[in-house]
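Next up: some structures, all given as structure tokens.
Below are two complexes that have chain A in common, paired first with chain B and then with chain C.
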Partner chain A sequence: MSSRVLTDFDLLLPGSLEEALEILDRERGAVTVLSGGTDLLVMMKAGFEADKVMSLALLGDLNRLEFDSATGLRIGARTTLAQLVDSPEVRQHYPALWQSARIFATPQLRNTATVVGNLLRGSPAGDCSAAVAALGGTLVMATAGGGRREIDIDDLWVSYGVTARADNELAVELRLPAPDSGTASAFKRLTRVNEDLAKLNVAVCLQMDGDTCKSARFAMGCVAPTMIRLPAAEAIVQGAKVDDETLARAAEAVQQDISPIDDKRSTAEYRRSVAGVYLKRAVQQACGFA
Partner chain B sequence: MSKHMITLNVNGEDHDIVVASNKTLLEVLREQLNMPDTKYGCGTGECGACSVLLEDNSAINSCLTLAATMDGKKITTASGLEKGDKLHPVQQAFIDHAAVQCGFCTPGMVVKSVSLLAKNPRPTEQEIREGLEGSICRCTGYVKIVNAVEAASKAMAGTAG
Partner chain C sequence: MTELKTVGKSIERVDIKAKVLGTAVYAADIKLPGMLHGKIVRCFEHAHAKVVHLDLSAAAAVPGVVKVLGPKDVTSKTYNQSVIDLMASKTEGAMLGDIEEQHIFTEHVKFWGDGIAGIIAVSEEVAERAAKLVRVEYEPLPVYITPEESGHPEAVQFTPHKPGNRAFQLPEEMFPGNALGWGDVDKAFEEADLVIEDTFYTPKQKQCQMEPNSYVALYDDSNRLNCWTSGQMPKLVHEKIARLFDLPMSRVTIHQTVVGGGFGARLGMVLEPEICAMALAVPGRPVKIQQPREEDWLTSPSRHPARYWMKIGFRKDGTPLAVDAKSVNFKGGYYLDGSALASTTGFWLQGMYKFENLRYKGESYFTNQPVCGAFRGYGNPQTNFVLEQMIERACVQLDLDPLEWRRKWHKETGDMSWLNATPYTSCALNDCLDRGAEVIGWAQKRKKYANQTGPKRRGIGVAVGNHTSGAFPMILEHTTCTVRLNEDASATVLVACSDMGQGAHTSLTQIAAETLGWPIEDVRLETGDSDANGFDIGAHASRTLYVGGAAIMKACQDARGQLLDRAARILKVNRDELDIDNKTIFVEGEPERSVSAVDICRTGIYNFIDHATGLPEGELGQIQAYVSYKPDQNSPPFFATFVELEVDTETGEVELLELVSSHDIGKAIHPAICEGQMEGGAQQGLGMVLTEEMYFDERGFAINNSFTDYKMLGASDMPKMTSILVENGDPYGPFGAKSVGEAGVVTPVGATANAIYQATGIQFTQGPITPEKILHEIRKRGLTYD
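Let's turn to the complex of A and B:
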């Protein structure tokens, strides 16, 4: 058909979570996890070699999406971007996440691509990765024999494409904290057409008390080897009245947080010149004075 | 390489087949089942030519789906949309509105349009354009495709119930 074919590999299709965890335990690093496949199969078609692939396709009970106003949102490992877009609760309580899902890839990719797969791809461009980094949360890892470990989203991305996941671990669930009445969040992305990856993306989550920001989490993508938080910009907004002056200072402070490079989607120079503007607009969007 | 025995229902017909682990649903449809109506464009999820429908009318890219993971699934391809010798309203609208030029994108476009209308029977022009994102047409400039989907939406509303 074309050069974009998949070379041979063994495919394992466990029928239960326990079976999947036993395979990971036995094979250690020798097996690659396949979820929606929208990253992995593309990489394999481009030459990434995997001798053994374990598909999560039969683990149907991992696709939950449950919101509880006291405990927050639980997103199963197999939950797709389409499920997020269709959820009125995600739309209402986690605007940043919903907005990142709505513009994500294409309708048919959203039907298979998973939120958790986006996090574990470890790409600095991941759109729901940006939203989750701003909202905060933990990724629940499971191991054979009932082992569970929670990785804070702030500790997940180690370097480009590398995460804190151990070989024998399967991510089973993503947990996001419950918002309160002062929580405001938003996501923005700069790209050519929706189906392209971002030139730059940004997500913000602020805890507001009137027009004063009690605390803030900002995340930006495509400006460092991993998705990053923006501590210098966060420090300016925290404890301050969110007005034009604060936002102008935060937009300037972003320059200290980022280290963009030139690549095929954009240049370092361009990213530097839009980073502050996009941060400002995301905060304005979150706080409703866009 | 591992082989997998699967039962795949395509357009209402069961096929018991053995598929190799590295074969995509698209390859199995075209090469193993000799059903070339679903097209190969890019192979990497970008063009939408390979779109097929799942049972709930959601569309997926068959080029990024391993056939071995589809055991027991029911799918519909473009050629499975017609009822008897009557074309699906979306297919008829594509013909009536000249939304087909070279035709290569058409099976995927039609499948995506059916999927869109199943979720949103009366889409606005903007919603049609968003619903068809990820389906690339190099000929028509999209205007006639959008017109065809609008017409199909009206035709289907008229026949509903």
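Let's turn to the complex of A and C:
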């Protein structure tokens, strides 16, 4: 049962990235990182006890959003969903990400919630998570003393709510690859009402050569403990002409990739019934068929 | 009638500026010097259990805790948190079986979240910390979610007053055979050409009023118990609190704060007993309770979930021969207004169509779920979901046009109304149907959607209904009103009618201003103070405008009459020869023979002696008028809703395209407020039929007691909407007005279900009709694609 009162906690406000990394190094798992706070504060009101909360509020240079046609898109740890929605480059070059951001939660939450926070929440329902999983990319992790490593998005989600982030690491930036002229992507989701968490979401990114798909990345949410790729469906589409027949087979193959459950938002039966339909529609949308 | 100056105009609402600017004072805004904070300790371990041992010592030892209260530290008197029982006579109440079985803190937990103790502390934080230290030993009891489970002969009894855990059935003394209706239903079915029957389920829907429940109470140094609350029925709560704590009503004051939405959730009491018990425990110190939304969800009453069986028989030509129905309601843990809902669900059935024979049975059984009580529509949306789908099915099977069938067989002016006791005073339902059908393009679309191919299928549906304008003749109806003309002739209208956000105070002010002949700025409603205000049964039964408005109108007519009488004596004419304009009273046709209303009012108060004559300058006495008004009529509004939608047959998703509602409201006192009621009602009706339901797991724990997982339709989910006001005038309502408050929620329910039926060829009996249910049925039955 939620409380109207947050329990006591120490708020840590590092003034520089280095200071933040030192705190993480010192405190290890004892500190919880606050970025947008749209999940964390709700969890704390519901009883999640965070004794020490480190806010990124003063780290101004983490809210970058930079596109370069050669190297791709860089999204800072504090970059909000609203920033993505306002970006013509994201809209043009990363339709799946833009579409997921545009309908994410509510306008108020989009002003605060961050893309990287959505990834690190480790929820199988994250809308931006689905888009990023389909687009591919890496999350840049920093540690004290100048340590850096990149985690491939495919390796980020370990299990429900658990990521590959080590407890002394701070995710500083998300990097998405540059698209080429044959890149097509789209995002779709099903919800109970428009402003809602997904009961199923799907994002696709295809490298097209005319009607033929050279390679494909499909991601689906709310059908497994983590956001997942759909390898069986991808295999059918890759190298094939993207037509009704291929899409029908891909939609069928989704069943092999998913393991949905009944929960508050929907049923396993329903998710199985619509997963293929929504994959098909997302591909059609990406390729401009629909 | 002379031209109306204020009534009929969408003037600026009297409360709007404060609400928009955020300066309106809700109970949560109240901060008093020395205020303490109360926390109710609730049972979240079980949905059904006995408290074997309660240890408050650790909680009491927390620094900052002022008092801890267990069941034995507060009054042992029991009560009923609803107030409907006050509105039946003793004899009737006994026949109906109304009971008072609630304790402020219980030792028999009946639902998940039932209150077992109270903490009073210097801050909310301390109170919460202490609440976590309360040690309770429970004896778990079997959890009953359905009437079958709780009604089992071996089930644990919720209260000795209700054997078999049957909270209510229509009483034999009032309804022979425990049924209401007329004729011989069984015989009629034998003669019918078509008989269909089915069992439906309507969900436990929550009102989701915007303001969560907050309360402040203070037992002050004059030995008076004060309670600040946003209840929608302050005068009845006034009496209930006085009774519960054995205080004369003169020592209890209910201060009604701005009400942030009611919809029935505040009908009667919610936490008034708990907050007042706390205040009495710490005399001289105010105590405040602010509930988090999740707890609000569990402790204020919801709509009753119901299983609803219906069988109807027709002749080939569509003549409705008979309807037989039974609704079994899931009552939740306590009785509340247990006698009323199961009855009214049947009243709406008997009020709608000209069935030659009718039988309805209504029952309620206790269940281990949060309490059920009043919710906008009060059984009407449930009946609409069932009846309108059954009618639709019959029309399809008999190959009859569903619009034409409704036009032909609905009850009319002069037919017996929903209680089967008084006739309908006016009915413009055919106008509603005609105008609504035209706006939405019913005939063309209905035909067009009859044969569709492809995965997306459209449908258009219609449903009709009627509701009530007040509680007469079912239960008590009564509003008192005092009108006082001030020194400058402006008017203070003392009345206890509640504005729950529906705009009643604006419409009521318009009625007062129009009746007096004053501009709106010169009239003020004084409400919300149980000492200053006389009796009023409170805001329910869509009565505030129809009954409260009529009371105000009569009091204002009286005040105006007194003013005219004085003017007539001054001008030496008959009162009927006078008229008022711009606060000047003049002889009709001779405007130069006039007297100022301000002068009359002023000299009545500042009653000096004229030194020249030695006589008073005018008649002594501040003009005041008082009425105690009980209506002897009820003018139910009729209404129709059309819904057009599209079903995605591959996903079961429903896209709402258009909704048109037309209401026979008699006269719109404030058209924009009426439209607001219709649109807001549509949002709740659409939610009930498509998305809204409180879910519980097998332990009886609520799954979605918050907005995260209880989904109402938001602005972007709503279809294009048109609200049509049909204003043919009613002979009894004030300025011809009938009610509009609850009505809007009713017919969107049936119309949406019927539109889904046309789109898919499938009727859904289990509400809400979610994509999961739609797709399941489509996959099971297959869809014809040619």
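Going forward, the second predicted complex is superposed on the first by the 287 of 290 C-alpha atoms of A that agree within 3 Å, B and C clash if a C-alpha of one lies under 4 Å from a C-alpha of the other, contacts with A are read in each partner's own complex, and residues count from 1 in each chain.
In this text, contacts are C-beta pairs under 8 Å (C-beta built on N, C-alpha and C of every residue); 3 or more make two chains touch, one makes a residue touch a chain.
Quantities reported herein were computed from a predicted structural model and do not represent experimental measurements.
After overlaying the two complexes on the shared chain, residue contacts for A:180 are found with neither chain B nor chain C. More residues of chain A are in touch with B than with the other of chain B and chain C. With both structures placed on the common chain, the touch criterion links A:49 to neither chain B nor chain C. By the touch criterion stated above, A:209 is placed in contact with neither chain B nor chain C. In the superposed model, A:38 lies in contact with chain B only, and not with chain C. Once the two complexes are overlaid on the shared chain, A:4 sits against chain B and chain C alike. Contacts of A:192 after superposition: chain C is touched, whereas chain B is not reached. Judged by the touch definition given at the top, the superposed model places A:57 against chain B, while chain C stays out of reach.
Under the contact criterion defined above, the residues of chain A that touch both chain B in one complex and chain C in the other are 1-2, 4-5, 193-195. Contact residues on chain C toward chain A in their complex (touch as defined above): 42, 44, 113, 124-125, 128, 290, 292-295, 650-653, 691, 695, 703-704, 706, 708-709, 711-714, 716-717, 770-772, 775-776, 779.
Every residue of chain A that touches chain C in the complex is listed here, in rising order: 1-5, 190, 192-197, 264-267, 269-270, 273-274, 277-278.
Of all residues in chain B, those touching chain A in their complex are 1-2, 4, 20-24, 27, 30, 40, 42-46, 48, 51, 54, 58-61, 64-66, 68-69, 112, 115-116, 130-135.
The residues of chain A lying in touch with chain B in their complex are 1-2, 4-13, 34, 37-38, 41-42, 45, 53, 55, 57-58, 82, 105-109, 111-112, 193-195.
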